[in-house]
Amino acid sequence: MWEILWPAWAGGVLAALMAAPLGCLLVWRRLAFFGDSLAHATLLGAGLSLLFHIPVWGGILGVCLLLALLLAGLLDRSRLPSDALLSLLSATLLSAGLIAIRFNPGAPVDLQAWLFGDLLALTPSDLPLLAGGAVVILGTVFALWRPLVLSTLDERLAAVEGVPVLRLRVLLLLLLALAVSLAMKVAGSLLITALLVIPPLAVRPLARQPTAMALLAALAGVAAVSGGLAASFKWDTPVGPSIVLSATLLFLAGRLLPMKTNH
Amino acid sequence: MWEILWPAWAGGVLAALMAAPLGCLLVWRRLAFFGDSLAHATLLGAGLSLLFHIPVWGGILGVCLLLALLLAGLLDRSRLPSDALLSLLSATLLSAGLIAIRFNPGAPVDLQAWLFGDLLALTPSDLPLLAGGAVVILGTVFALWRPLVLSTLDERLAAVEGVPVLRLRVLLLLLLALAVSLAMKVAGSLLITALLVIPPLAVRPLARQPTAMALLAALAGVAAVSGGLAASFKWDTPVGPSIVLSATLLFLAGRLLPMKTNH
Amino acid sequence: MTGPLLELTGIDWSREGRRILNRVSLTVQRGEIVTLIGPNGAGKSTLVQIAVGLLKPDAGVCRRQPGLRIGYVPQALTLDPSLPLTVGGFMRLQARKLAAADVGQALAETGVGDLHDRSVHALSGGEWQRVLLARALLQQPDLLVLDEPMQGVDLTGQEELYRLLAEVPRRYRCGILMVSHDLHLVMASTDRVICLNGHVCCEGHPESVTSHPEYLRLFGWQGSQGLAVYSHHHDHRHDVHGCVTPSSAQAGS
Amino acid sequence: MTGPLLELTGIDWSREGRRILNRVSLTVQRGEIVTLIGPNGAGKSTLVQIAVGLLKPDAGVCRRQPGLRIGYVPQALTLDPSLPLTVGGFMRLQARKLAAADVGQALAETGVGDLHDRSVHALSGGEWQRVLLARALLQQPDLLVLDEPMQGVDLTGQEELYRLLAEVPRRYRCGILMVSHDLHLVMASTDRVICLNGHVCCEGHPESVTSHPEYLRLFGWQGSQGLAVYSHHHDHRHDVHGCVTPSSAQAGS
Amino acid sequence: NSVVTTIKPLTLIARAVTDGIEQPVQLLPDGLSPHDYSLRPSDRQRLKQAELVIWVGPAHERFLAGLIKNGPGTLNVTALPGLKRLPRRKAEDGSPLPGSLDTHVWLDPDNAILIARAIAEDRARRQPALADRYRANAEHFAQTLKTAWQPLQQRIAALPRHEYVAYHDAYQYLEKSLNLHLAGSLSSETESRPGARHLLAMKKRVHERGITCLVREPASGAGLLQQVAGPKDRIAVLDEGLRQADSFVGGLTLLGQAMEQCLGR
């Protein structure tokens, strides 16, 4: 039992740790559906990789980076709401993918990316890649935390104070694309989206500082992964959905505890 | 030929007209992923309908209304970003649906059918229901347009001036749930989400008033449906994605035309 | 019509263990202007939000006349740029049906008559504040609640607008509850001043004083011993929007 | 170190067919305070945004000294409540590493020393403005750009803060570019005043005048003939946050 | 719990082979696509403890590819030597797509028998004591399937028309075995939806060639097929996943009979 459980747990924990600070930035910037959109875009990536005879993961990574860059550009130019722009890009890339595979029907592509990749299918040999990704991502975010938070707070103020806001925005979106596509393989698009968004929401009422929120979100994410895995073992429910639901329970608990102190 | 194309065109136009004012309110309120989330929730609806032996559309409509009510409540209480709350609800309901299905196997649920539903499958007999829905929705939105816009502008200001903001919010979300679940069956969630979000974004630079934006969005939606159907006929591409891409082209055209006059 | 428009009695409000309002009572009658003054963080905006029903008091009673129509100018109001809106459209965004002439007149009265077709997202700070005030007036409410309505309005404008406000209660038979820091301008047009600092520390009719020595005494309250004043020998006059009419061509100072 | 910190030459800026800035030129030297005055919609905020690089001029040159560090207080800044932040955290959110004592001192200087651990989302309007100013000062920038920094600050505070600002250029060897409508308070602490109204209509060193008759002449510019002044016979003194020290128990007026 | 299968058709075949000895366990619940699937701990445990995991292969169940290595203890059905394997076909003209594989291999009775025998051999190797019973079960399965299938083949051969139209091109193994002819499909398996031009072309083709049999899966295609069909044409629902069936032979013959009825007099 334990030899099945621990790689899944370790993988889930790595994903949760990686997701926590990125997820906070995501929520603050109102990009909560970034992971979802990325999952939609993978179809186009798969289609293009066939067209250009490159490996599938190359196509997918390429389209993920493309989405990040397009979004960074649109956010700069138009002052349209970020979620609507994301929705536009997501629908557009998915549609382009659907049309691409129409002209390319030999492709053995999945129409929908997996909602839940399989944590339980993780083997210890998958962990180094995940861990490496987590180190790179967390290291970068840690090193640039202050300017990232400041430009999230107000891009104009940050720009005046000499923060390279455009470059930071691109970097953040690229890191996110990297984290999501890395985690999507092992955890599935729904689970990684949930790990990005729900822990920050759950701990928001408890946090008074950005850093505290990121740390608490990491704790909440680890707790959700652990609780979800435990529940999954106890009641033999599917792992991915169980983790999502345990994160939602944390969110509800956080709502009920502090009744009056808003902000 | 025309006997297949015209119901598709009429259905698409009805969906676009219905979507235009609702979509504007959606974009202004930063709920762009509402349609997407509803599509995720349908799985739970299908699962529950099996459990309680009610027709599938009943279960789906029920879960859609549930999502609308939950969201209205959460938006009121917490001051968390609307897109993040939507993402939370979407992941939670989908996970609950997946778990429900595991305890309830047997029925083939085709998530993809909801995602890519087909306009070309429309027959003239489907149109009255759509038209009826459009009349109800457009009528309600028209009657309450001013208070809806005012409470979208600022809920606190509207509340002080005697607008029943909470009731309006619930009503708007219920109308949206109705419109999306109605349109999802014929057009698929991808297409209806795109029709809700992209036309308002496309015409934003041209509009100086809320009402003008809604009317222009209706025009853009009709143009996208017509253009997409034509493209689908010319290049034999799938209808839904073609309409989405033609809407995106309109968006790009709108970006390129007025270069300097922001706002 | 009888009885006060608004009556707050014994209002308490605490957050995070700090008592922000402490047994505050207040009434506003039809036809009068009540001004809340007090230092930053005194709880003026909180009290105003309780008065209009946006916050619930922890203790105490807030009684508004049944059917009371309120016109409200909050201390800060930011709009999402995704919603296109012209000034005229914003003015008309209210329950009452309006004649175009009324809209134009209300804007003209607050000095922004030429902004009717401009986008609200491109207004300057002072222009936006004037538009907000014009909209509140246009609603012909029973009670006008203004939280620092002159923020960012230029000095000429402030004086004009305070004079306008002073006429409003009689013109529309309404009451005004206002928050302001512009003591020197407020006092002229106010019927009652309430000095708030968590609790009501003093309250009363301002004496009508027209000449400058009194004014200096007000400054004296702030210990403005070292206050130096700039003399602007102006050689031209400005109207609010635009044209300068030079009386002698050169820039003077 | 030689040459001006900021030099704008012949700046033009138009939107929607209206020319908002018309050949505006401006320099700010190290050690001086330059104040922009002018009616609402004169283009002051636009000019300031061009100066800090947030807007690109249609014509003209904006030259900032290479490596110039700017501290900026915009006219309005709203924060998303999903991002938790205390005042202390906000102060520290900048490139430079800071000692805790510095943060405390900067806050104390703008009169909000006791707000260090409060959430920025729960501040009153004036408190937030003071925090913004404290943060800009804390950055020890080469150039401070303040767009109506005293909005919503109470009168006592305004006077204290203007006096503080007057010391800043010498203390930190920096320049200040400020927008303000508080003519009477600004003039005392300003080295140069630029009166803007689309174009620069007058510009010069303010005369140092300390006594009230000059002040009244300034008001006269606004045609304040009917201006009445309220005399506040104060029976107690307030400090910015809180305690009232009554000298006679009863509320006076 | 020593035999684990992934989907219903394989479960049914394995059940026939292991009849009276053991009960194969199916991993994916009926009706759930691999996209929506998420392993439960018990699934994982079963996979680990199984002596034999029978799966269609990486082209169909990609989520298992990383988890089970080919080798002893796994049976990749699509890799069986001797299996009839067909490439997928283009929706427009029915031409084969090089390098692709249609994974509905169980719809060919010969393939089903081959799979049954392969399962029997694998089980026999592990349980030499029961080898004869496994083999006998497999032969019995082969026999009943053939007996059920041959009359069907003959009846269908006697029908005047053998052309059908499918929503998804998912029945070509059945088609080959019954000597049918696909007049066209609305979309190939990986495409989501047909284009308008293709749909109209199909409608024309159905009309011109007098095709009266249209076939779709349970979950999808109802509306679009209705558009293509004439007023008197039949639309048959053929569950290629045999989700409602109790036995493989019963399920497959039911499909055959549905096809027979659809092709009509």
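Every chain is named by a letter (A, B, C, D and E) in the order it is written, and numbering of its residues begins at 1.
As a convention for this text, a contact is a pair of C-beta atoms (placed from the backbone, for glycine too) under 8 Å apart; a residue touches a chain by one contact, two chains touch by 3 or more.
The chain lineup, named per UniProt: A, B = High-affinity zinc uptake system membrane protein ZnuB; C, D = Zinc transport system ATP-binding protein.
Bear in mind the structure is a predicted one, so any value in this text is a computation, not a measurement.
Student: Go through the assembly and pull out the chains touching subunit B as well as subunit E.
Tutor: A
Student: In how few steps can one go from subunit C to subunit E if every step must land on a touching chain?
Tutor: 2
Student: Any chains in contact with both subunit D and subunit E?
Tutor: Touches both subunit D and subunit E: A, B.
Student: Which chain is most remote from subunit C in terms of Cα centres?
Tutor: E
Student: Name the chain whose C-alpha centroid is farthest from the C-alpha centroid of subunit B.
Tutor: It is D.
Student: Between what two chains do the most C-beta pairs come into contact?
Tutor: So the pair of chains linked by the most contacts is C-D.
Student: Can you give the whole-Å distance between the Cα centres of subunit A and subunit D?
Tutor: Computed value for the inter-centroid distance: 41 Å.
Student: Round to the nearest whole Å and give the separation of the Cα centres of subunit A and subunit C.
Tutor: Going by mean C-alpha positions, subunit A sits 46 Å from subunit C.
Student: Check each residue of subunit C and list the ones that touch at least two other chains.
Tutor: Those would be 15-16, 80-82, 122.
Student: Do you know which subunit A residues sit against two or more other chains?
Tutor: 27-28, 30, 79-81, 84, 98, 102, 111-112, 115-116, 204, 237-238, 240-241
Student: Could you say which residues in subunit E touch two or more other chains, in rising order?
Tutor: Answer for subunit E, listing residues that touch two or more other chains: 35-36, 38, 40, 191-193, 195.
Student: Kindly provide every pair of chains that touch.
Tutor: Here the touching pairs of chains are A-B, A-C, A-D, A-E, B-C, B-D, B-E, C-D.
Student: If we count contacts the way the header does, which residues on subunit B are in touch with subunit C in the complex?
Tutor: Result: residues 27-28, 30, 146-147, 149-150, 152-154, 156-157, 159-163, 204, 207-210, 212-213, 263 of subunit B touch subunit C.
Student: With touch defined as at the start, can you tell me which subunit B residues reach subunit D in the complex?
Tutor: Interface residues on the subunit B side: 79-81, 84, 260-261.
Student: Residues of subunit C touching subunit D in their complex?
Tutor: Residues 15-16, 38-42, 44-45, 75-76, 78, 111, 118, 122-127, 130, 148, 151-159, 163, 181-188, 190, 193, 195, 197-198, 200-212, 214-218, 221-224, 226-236, 238-242, 244, 251-253.
Student: Which of the residues in subunit C come into contact with subunit B in the complex?
Tutor: Residue positions touching the partner: 52-54, 69-72, 74, 77, 79-86, 89-90, 93-95, 117, 119, 121-122, 139, 145.
Student: With touch defined as at the start, can you tell me which subunit C residues reach subunit A in the complex?
Tutor: That would be residues 15-16, 80-82 of subunit C.
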